[in-house]
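The following pair of complexes shares a single chain, chain A, combined with chain B in the former and chain C in the latter.
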Partner chain A sequence: MLDSTVPSIRSRARRLVGARIPVVVLAVLTAAAMVGPLFAPDSGSQDLRNARAGPLSPGHLLGTDGYGRDMLARTLEGARISIFVGVASVALCLLIGGTLGITAGYWKGRIDAGIMRVMDMVLAFPTLILALAIAAFLGPSLRNVVVAISFSTLPHYARLARATTMSITQRDFVSSSALLGAPHRHILWRHIAPNTVSPLLTYALLAIGMAIIVEASLSFLGLGVQPPTPSWGSMIAEGRPHLQGAPHVALVPGAFLFMVILSLNLLADSLRSGAPAAGLGR
Partner chain B sequence: MTISPGAAASPPDTPPTPLLETTGLTQTFRLPTGAEVQAVSDVSFVLHRGETLGLVGESGCGKSTTVRTILQAPPPTAGTVTFGGIELTTTPPRQLRRLRRRMQLVFQDPHASMNPRWTVRDCIAEPLQVHRVGTSSSRNDRVHELMDLVGLDEGYLTSRPGSLSGGQCQRVAIARALALDPDLICFDEAVSALDVSIQAQILNLIARLRADLELTSIFIAHDLAVVKLVSDRIGVMYLGKLCEIGPAESLYRSPRHPYTKALLSAIPKPDPRHPDRLRRVNLRGELPSPTDPPSGCRFRTRCDRADERCSLDVPPLQTISPGHQVACHYPLSASAPVEMTPLPTRRANGVVGQSPTR
Partner chain C sequence: MQRVVQLVVVLGGVSLLTFLILNLLPGDPGLAVLGDNAPPEALEAFRSQHGLDRALHVRYFDWVSGAVTGDLGTSFRTDQPVLETILDRVPVSLQIVVFAQILALLISVPAAIACVWKPRSWLERTINTSAFATISVPNFLAAYVLILIFAVHLGWLPATGFSRLSNGVVENLRSIALPTVTLALSQFGIYTRVLRSDMVDTLEQDYVTTAYGKGLTNRRILVRHVLRGSLLSLVTVVGVNMGVLLGGAVITETIFAIPGIGRLMIEGIAQRDLMVVQGVVLLAATAYVVLNLIVDVLYTALDPRIELGGQRRA
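The block that comes next holds the complex of A and B.
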């Protein structure tokens, strides 16, 4: 009795931690980021008399920063930026990288060689360094951060899409469709693209976390969203000088960043190992 | 349900029109090592309307490649394929795509040949959709009709291929191949991946469809008993060459090529001690590498009749009796027919499995 129940409880717990808790954390945070700024105090209102108030001070649940702005409001505002950058850059990558990869994997030959050599060139630079260079070159703005992150992570999507496409193209149902006289358009849209989507989406979930970290890094270095718009990275940077006296200014956005990345990674892990998300394995 | 494999083989009164004719069909592949393999070498045959040609031979002898080459996927490196009077090898791609609705292929692995994300309905309707046949409601009617034709319950229409058994899946594949009323259907090892009992059901289905729809087909299998059941004529291949081709009856009764005889003797018999049993011919040696086939007759290294001539001259495919051709310098004589039991499949006609409902 005990023998049979113990592992099941344990595996259940693992599944719970593996998928449900991260989902709840992310859902609550996303909801808070969307509606929170409506209720929390104005994130922009400065009150220098009340600067760096500690957490749980009256009217400021998470305290205030160096300009006396409410930390909770700013953190939620920052969450919006992080979520937007994460989702937008990954969506852009899925679209462009997916298309490039599928094109390369399906047509092979010169088209493949051409696309993939360019991707290899991009891949030769460390992601963060390349994103930094692009962001610095384009000038700091929300849109440019998205462009910088998308461009520097594009090869990963293209490679994954290409590999998946190549293995799907080998499968009988694709040859079968071709032997029916189906045009390439039909094969690409009806057979290849739908079967490439799920491995790409699984990867994308993990990549959102990556994109959020890169965004935070760029903002930390002052190359991201410009003040006074709050971003987790720039908030941590602002709090850095006060780590001694008012650690919460840096720690609050840091903790949120940590929580989001951990949740996304756990979720991606559970998707990869649990559900046959790839949709290809039989 | 009764199957009479020999019925369609009876000589027709009028000379039948060939649906398909291949001459000197050759398919050469280049290996990554640079070596060239002639997977199909100089294969010529004629397929008449309403006829089923069985192709047999051991793994890697080029049966599947022959069929793929006929279907121009990929096109042959040499030789011609005439289909319904049209030369396929020189047909431009766009026109060839339109012609594809008249020739269909059923794959060996029924699950792999269906998109796992599609429903059975999508799979069967795909050919109609690709060739823009009818409206969506008439396509739907046709899908129902086809489901009925291959004996699948309509409850499966919304199932995914993954939830069907191999036999059910192969029925879907056959329904799909029949959707456009093709002139030619090729079955590439269509029953090899199935359990024996399911094999019998699918074979019965194919035999019934063949009779009802007057199908013209090429049927590939490595199981001779299976091929016998559905074929009017049989072609035997060895290392990319056609060694013998002839009416199923006479080829089984008196094989003229030593390789055919060896193959036939390998069919397992229900009673090994039966006096009429064909003596087992054990071939010596191994199958030579296809990258470096023997000179002259490709079978000579394993043939006990081979002499110097066999290593010098490639034996051409010669007509040895009406409709029966053999590629051998020293064919076995027909006057001394090989002693054989009547094939088990003959006796088993109509009792191979139950009438297919599922």
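The block that comes next holds the complex of A and C.
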């Protein structure tokens, strides 16, 4: 922190809250989701005598659901689904959308017009509606959820990559490289692509949160991962009839979803406002 | 005029994409509607009745030319015209969406003004934190918590169901109270943050300094000058959100069993009623595109420096 404006202790403290806490929360959750199933009770084993047990009951830290299945184990398994869908769909979008956007922004003209008109068409649909339509007719499965989410959010990445590419192409180092006779391939790989990474990744943080919410929405509506595999969305839906009497069945996955989205939003917010996030942005 | 041509082109693309997604994918709608054990003759009859035996492009042009004249085909299940079914649901969704927007704006605008009026106060911090938190609350969670408090514990409001206006105003309002608040809550955070950040920018403009120099009161400046000069982004976001929600607040309508557009789409999907889903998706996208156009036009009304199709004049 050698800036001319030395941040006050208070604003530093706020930055820590803004960046480090969400990083810790997300890291802990990811780790728990990965190793949790090794320790927690089997997420599939039913025990109808012990159904709807409240949190902190013996053997079940977060209680059990309507079939007596352990909530903690199911929530952690749901976390795996959420993380996978969030990361996979965003990675797919970064790859395809980034390529499309860079292509459009670099070659301009007809290629640009062609690609962006198709993107505008996709953009004309509300995201959830389009994802629903695709998921519904592809059939419910993990892979199809990723496809549906990727397809309906693709234009955002393409637009961002295109705008960034267009502004970089006009910079001096690119035109001098072109004047020196560098082939297009060299300019695209060495100059354009690396410079689109940073804005795309910042957007990706927000986009992971969005993808996780769309995944939860799809599985809430029965169009996502199929039971008995737990996903936060379907767990929340299954908790609906238990709201009276055993609200934790719905609120536990709901709270986890909230925590993840809040952390991602905080992280994206602190990156956007230029404050260096702990361990990131370097 | 140019905008209208553009609109027609986009809508053409939208209809094509809708049709392709829903028709190219595997699965025989006849099989889905009549059941797996349907005799071949019945399937054949179903296909010819709904024109499914024709070539894809013939079906598309038939559907689109019908859509232009207000005919979206008939439902596979009920044999009712799809447009009629949709129009039956529109007022329900519209009421909730419009009420939710009004409620969200009624809270957000004063909240944003308060943030600018008393910066770095406990009030600003409270508003900021709650705005940030509500943005991150998924709709289902907000809906469940509201149901728990107001329906299960307090018993003041019904947890689900919809009562039409014809059954009495009070019953109608009681039935839409929780879904309206659920939707408003998710908008409140966005609107407050957008308006506040724009107002902070506007405060630095010369004309605001001039207004202070003229000795106008703080309140007058904030409302007359700063608020008015900061509405552009808010209008955009509200417009886009309206567009999204008109296509159906799918989750909220599902949780509260509200028979709106979003519910219709889910029912259509569950019953594999291709024509209904196709109609709803087309309508949702159309509403979204048209609202975006309206926002663009509103821009010129709010800020005379912006010309349609051009850049902001210096």
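Basically, the second predicted complex is superposed on the first by the 267 of 282 C-alpha atoms of A that agree within 3 Å, B and C clash if a C-alpha of one lies under 4 Å from a C-alpha of the other, contacts with A are read in each partner's own complex, and residues count from 1 in each chain.
As a working rule, a residue touches a chain if its C-beta (ideal position, glycine included) is under 8 Å from a C-beta of that chain, and two chains touch if they have at least 3 such contacts.
What you see is a predicted model, and the numbers here were worked out from it, not measured in a lab.
Participant: Following the overlay on chain A, give me a clash-or-fit verdict for chain B and chain C.
Facilitator: fit
Participant: Once the shared chain is lined up, is A:L221 touching chain B (first), chain C (second), both, or neither of them?
Facilitator: The answer is second: A:L221 touches chain C but not chain B.
Participant: Contacts for A:S176 in the overlay, against chain B (first) and chain C (second): which applies, first, second, both or neither?
Facilitator: A:S176 sits against chain B, while chain C stays out of touch.
Participant: For chain A, which side has the bigger count of touched residues, chain B or chain C?
Facilitator: So, of the two partners, C touches more residues of chain A.
Participant: Quick one: is A:I21 in contact with chain B, with chain C, with both, or with neither? Answer first, second, both or neither.
Facilitator: In the superposition, A:I21 touches no partner, neither chain B nor chain C.
Participant: After the superposition, just quote the angle formed at chain A by chain B and chain C, using C-alpha centres and rounding to the nearest 10°.
Facilitator: Taking chain A as the apex, chain B and chain C sit 100 degrees apart.
Participant: Of the two partner chains, chain B (first) and chain C (second), which one does A:M166 touch, if any: first, second, both, or neither?
Facilitator: neither
Participant: So, does A:Q244 touch the first partner chain B, the second partner chain C, both, or neither?
Facilitator: It touches chain C, and chain B stays clear.
Participant: Give one of first, second, both or neither to describe whether A:A124 is in contact with chain B, with chain C, with both, or with none.
Facilitator: Only chain C is touched by A:A124; chain B is not.
Participant: Tell me which partner A:I261 touches in the superposition: chain B (first), chain C (second), both or neither.
Facilitator: second
Participant: Under the stated touch criterion, which partner chain does A:I134 make contact with: chain B (first), chain C (second), both, or neither?
Facilitator: It touches chain C, and chain B stays clear.
Participant: If you take every C-alpha pair with one atom in chain B and one in chain C, what is the shortest distance in Å after superposing?
Facilitator: Minimum over all C-alpha pairs of chain B and chain C: 12 Å.
Participant: With the touch criterion stated at the top, can you tell me which chain A residues are shared between the chain B interface and the chain C interface?
Facilitator: After superposing on chain A, no chain A residue contacts both chain B and chain C.
Participant: How about chain B: which of its residues touch chain A in the complex?
Facilitator: Contact set of chain B toward chain A: 71, 73, 96-101, 104-105, 107, 109, 111-117, 126-127, 130-131, 162, 176.
Participant: Where on chain A does chain C make contact in their complex?
Facilitator: 117-118, 120-122, 124-130, 132-134, 136-139, 209, 213, 216-217, 220-223, 233, 236-237, 239-240, 243-244, 247, 250-251, 254-255, 257-258, 261-262, 265-266, 269
Participant: How about chain C: which of its residues touch chain A in the complex?
Facilitator: The touching residues are 10-11, 13-14, 16-18, 21-22, 25, 27, 132-133, 135-138, 140-141, 144-145, 147-148, 152, 159, 243-244, 247-248, 250-251, 254-255, 265-266, 269-270, 277, 280-281, 284-285, 288-289.
Participant: Which part of chain A faces chain B closely enough to touch in the complex?
Facilitator: It comes out as residues 171-173, 175-183, 186, 190-191, 194-195, 279-280, 282.
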